[in-house]
Amino acid sequence: MKGTGEKAAEWILRGLAFSALASLLLIAVFIFKEGAPFIFRLGLKDFLLSSDWRPHEGHFGISPMIVASFWVTLGAMLVGAPLGIAGAIFLNEFVPIQVRRIVKPMIELLAGIPSVVFGFIGVMVVAPLIRNHLGGPGLSLLAASLILGIMILPTIISISSDAIASVPRSYREGALALGATRWQSVHMVVLKAARSGIVAGIILGMGRAVGETMAVIMVAGNAVANPRSPLESVRTMTANIAQEMGSATGMHRQALFATGVVLFISIMVLNGLAMAAMKKREVKA
Amino acid sequence: MKPILLSLLGVVVALGSGCGRGPSGQSITVAGSTAFQPFAEKLADQYMQSHPEATITVQGGGSSLGIQSALAGTAQVGMADLVTLPPEASGLTAMVAARDGIAVIVNPLNPLKDLSTGQIRDIFNGKIRNWKDAGGEDRPIRVVSRETGSGTRSSFEDIIGGISLLKESLVQDSNGTIRETVANDRDSIGYLSLGLLNDKVRAVKVDGGVCSDEAILAGHYKLVRPIYLLTQANASGVAADFVAYVLSSLGQDTIRRNGLLPAK
Amino acid sequence: MRLNPKAAQVLAVIVLGGATLLTLAVLVFVIVFVLSKGLPVLNWSFLADSPREMGKLGGIFPTLVGTLILPVAAIAIALPLGVGTAVYLTEYTRPGPATRAIRFGTDCLAGIPSIIFGLFGYIFFVTILHMGWCILSGALTLSIMVLPTIIRTAEEAIKAVPRSYREVSYSLGATRWETVWKAVLPNALPGIVTGVMLSVGRCIGETAAVIFTAGASLRLPHSAFDSVRTMAVHFYILAREGISTENAYGTAAVLVLSILIVNSVSYWMMHRFIAGRSA
C-alpha cells in the first residue's frame, strides 16, 4: 500500500514537473499555429521587409514595427544600461554594506511598479517636456526610450549587482595590495571578472524592453512609419498587437499573431543569449 | 508528456463546459463598438434594475470584434458602428439602435473654426501639413487617427472618401485617447464620436455644418453613422429582450438623454 | 591626457555616485508623483463604493475584488504545479537531460513578455475553450506567467533545508514522500511564501495579459466565469480614456501602495529566511 502511494506521488510530481515546459510548448504551438501559416502564405519578404501596413487593403508589412522595436530597445539600453551598471558598481564597491542593504531592495521594490503607471507618467510628464522643448508630437521614440530605460533599471542593477558581488574578495584585495585605487581595482579586475553576468543583465533588460507593451502604447504615439528622428512617433511590434487585436478579424488577426511569432522568436533569441552569458559565468566561477 | 498535457486539457475543458452561459440564458455578454460601450453600460444597468434575474456584461473591443463575437457566440449581442456592415455580418440580425455624429476635433487653442470635406481629406492624406494652408495659423499639423478596424475610423474614411492615411499620423485606440491626445497637443487634429465630445477639445464645422444633435437631425451635418446591435438570427431570452429594450421608447430616451441620437 | 589614479578615483566616485542618485531620484519621483496626486482622493467611500458612469464617479470596490481574486486564483493553480516541480527537481531526480529540459522551459517561460501570455490566453482559454473573458481564463493565464518565479523560489527554499532533516526523517522509517511532506516542505515554507508574494505582486501590476483574458467588466463577479477588472486595468482605462484623472490617480495610489506592501513583506520574509538559514 505504502509502495503504491510512493509510486503515485513520484508519478504525479514528475507530471507536475513538466508543467512549465508544457506551458511553454502550448504557448509556442498556439501562437505559431495562428501566425506562422499566414507568414508563409504572404511570403517572408512581404511580411518582414515591406513597410506597407494597411491590413484592410491586404498589405501586411511589419518592417516599421520591427525597426521601431529595435530603436526603442536600443534607446532604452542607452538610458538604462549606463545608469544601471554605474548604480550596481557604486552600490557594491563604493558605499558601506549597510547602505547597500537598504538601497538595493528599494530599487528592486520599484521593479514592481506596474508598467501602466510608468506609461502614464510618460504621457503626463515626459511627452509634454519633449513636445515643448524639442518639438514633434511628444509621444515619440525618445519618450518611449526614456520610460523603458527607467523601467529596466531595476533588472539591470539587480543582476549586475549580483554578478559584481560574486567576484571573490581576493581579486580586489590583490589589486589593492598592489597599490591600485578602488576605481582601478574595479575597472581593471572586478568588471572583467563580472563581465558575463553584467552582459546577462543587459540582455535580460533588452528582453524586457522588447516585450513591454502597455507603457509603449501610451507613450510612443503608434504611427506606422520608419522614424527619421527620435522625436517622431513609432509603433513597436507589441503595440501593434495590443492596439489592433481587439478589433481585428480574419487575415488582419492572423497578421497580428504573425507579429507575435516574430516577437516570440526575438525574445527566445535574447533569452538564449542571456542563458549563454550566465552559463559562461558559471563555468568561470 | 502527452498524457499529462491531455489530462490538463481535459480538466480545463471540464471546467470550461461548466460555464452556464448559454445563448438564451440569464447571463449575456454585449461586446463591440467602444463608441457605444458607455451607452450600452447605462442601458444594461437600467435593464437589470427592472430585470433582476438577468446579468449583462458589457465589453468594448471594437466593431469588428463585436461582429466576430456575435458570430462565434462569445457575445450574444454585438455592437458595431459602421456605415456599411461587412459581408460576414449578413448572417446576423442587425438593428439600428442609435445614430452618432463624428466630430472633427482640434485643440481649444487652435483658432480654426471651419474645414471643408476636401481640406479634411487633404489633411488626413498628408497633402496639407500646415494649419495656414487650411486657413489657420502657421503651425505644423499633427494628425491623430483611430486604429485599423475601428468602426469610427472606417465610417469617417467612408464618408470623407479617398483617404489613404498619412503614415506619420499618431494612432490611438479609443475615442477617449483621441480626445486626450488632441487636448494635450495644440497642433493636432482628430475625430471622435459626438457623444464623447467634451470641453477639453473643440469640434470644427464641416462644410459649414455645426456638429450638433440639432444639425444632424435637420440633415445639416454629414459625418453621421448608424450604430447596430447584432444578434444571431434565432436569438431569444435576455439577448432578444435587451435589444427590444434598447429599441423601445425607454431605451431610446436614455440614448437621447446621454448624448447620442435615437435610431429614427 | 591621462588622469592620475587619484583624480580618476575621485571622478569615478562622482560619476557613479551621481548616476546612482539619479536612478534613485527618478524612481522615488515616480512613487511620490503617484502618491501625492492620489492619496488626497482616497477615503473610505472611494474604496467601498461601486463605480458609476464607467468610473467617472463613485469608488473602485469591484476592482479591489478583482485585484484580490485574480492573483489568489492564479496562485492556487500555480502553487501545486510550481512546488511539485521544485520537489521533483530537488528530491526525486538527479541532473540529467530531463531536468535540463525542465530548467530550460522554466527559464524561457520567465522571459516571455506579458503580451504573448495575453495572446495565448485569448486564443486558447477565451476562444478555443469557449471560456470567454473571465476570472478562470485570467487566472490560468497568470498562473503560467508566475510559474517560473514559484518554481525558482521553491527550489531555492527546498535546497536550503539542511540534509540532516531528511536523514532524521529517513532514519525514523519515513518514505521519501513522507519526508518531503513532513520534514522538507514545512521547513521550506518561508521561502515558498516569498515566491508566492512576489508572484502576487506581479499579478497585481499586470495589465496586458489581464485585459485579453479576464476582460474589464466593472460588475462584481458572481462566479469564476464572470469577467473582472483589476485596479491596474481600471487605472489604465481611466487614465487613457480621460474618464476621470482624479479617480485614475486615486486608483494608482491604491495600486502602488498594495504592490509596495506586498513586495516589502516578501523582501522582509526573504531576508529573515536567509538570516535564519545562515544562523
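Per-chain residue numbering starts at 1, and chain names A, B and C are given in the order in which the chains are listed.
In this text, a residue touches a chain if its C-beta (ideal position, glycine included) is under 8 Å from a C-beta of that chain, and two chains touch if they have at least 3 such contacts.
As the structure is a prediction and not an experimental result, all values here were calculated from the model.
Trainee: With respect to inter-chain C-beta contacts, which pair, A-C or B-C, contains the greater number?
Mentor: Most C-beta pairs in contact, of the two: A-C.
Trainee: Compute the centre of every chain as the mean of its C-alpha atoms, then state which one is farthest from the centre of subunit C.
Mentor: B
Trainee: Taking the mean of the C-alpha atoms as each chain's centre, how many Å separate subunit B from subunit C?
Mentor: Comparing mean C-alpha positions, subunit C is 35 Å from subunit B.
Trainee: Distance from the CA centroid of subunit A to that of subunit C, rounded to the nearest Å?
Mentor: Using C-alpha averages as centres, the distance is 17 Å.
Trainee: Where in subunit C do residues touch two or more other chains at once?
Mentor: 240
Trainee: Can you tell me which residues of subunit A touch two or more of the remaining chains?
Mentor: 15, 18-19, 22, 26, 123
Trainee: Two or more other chains in contact with one residue: find those residues in subunit B.
Mentor: Residues 60, 180 of subunit B each touch two or more of the other chains.
Trainee: Over in the complex, which subunit A residues touch subunit C? Could you list them?
Mentor: 2, 5-6, 9-10, 12-27, 30-31, 34, 82-84, 86-87, 89-91, 94, 103, 105-110, 112-118, 120-121, 123, 125, 150, 153-154, 157, 180-184, 186-187, 204, 207-208, 210-214, 218, 238, 241-242, 245, 257, 260, 263-264, 267-268, 270-271, 274-275
Trainee: Show me the residue ranges of subunit C that touch subunit A in the complex, using the header's touch definition.
Mentor: 5-6, 8-9, 12-13, 15-17, 19-20, 22-24, 26-27, 30-31, 33-34, 80-82, 84-85, 87-89, 92, 101-102, 104-109, 111-120, 122-124, 128, 144, 147-148, 151, 175-177, 180, 201-202, 204-208, 212, 232, 235-236, 239-240, 248, 252, 255-256, 259-260, 262-264, 267
Trainee: Hey, which residues of subunit B end up touching subunit C in the complex?
Mentor: Subunit B residues touching subunit C: 12-13, 15-16, 18-21, 29, 38, 41-42, 55, 57-60, 72-74, 174-177, 179-180, 183, 200.
Trainee: Show which residues of subunit A lie in contact with subunit B when the two form their complex.
Mentor: Against subunit B, the touching part of subunit A is residues 15, 18-19, 22, 26, 54-56, 123, 127-128, 131, 137-139, 217, 221-225, 232-233, 235, 243-244, 246-249, 252.
Trainee: If you look only at subunit C, which of its residues touch subunit B in the complex?
Mentor: Subunit C residues touching subunit B: 53-54, 125-127, 129-134, 136, 140, 215-219, 222, 224-227, 240-243.
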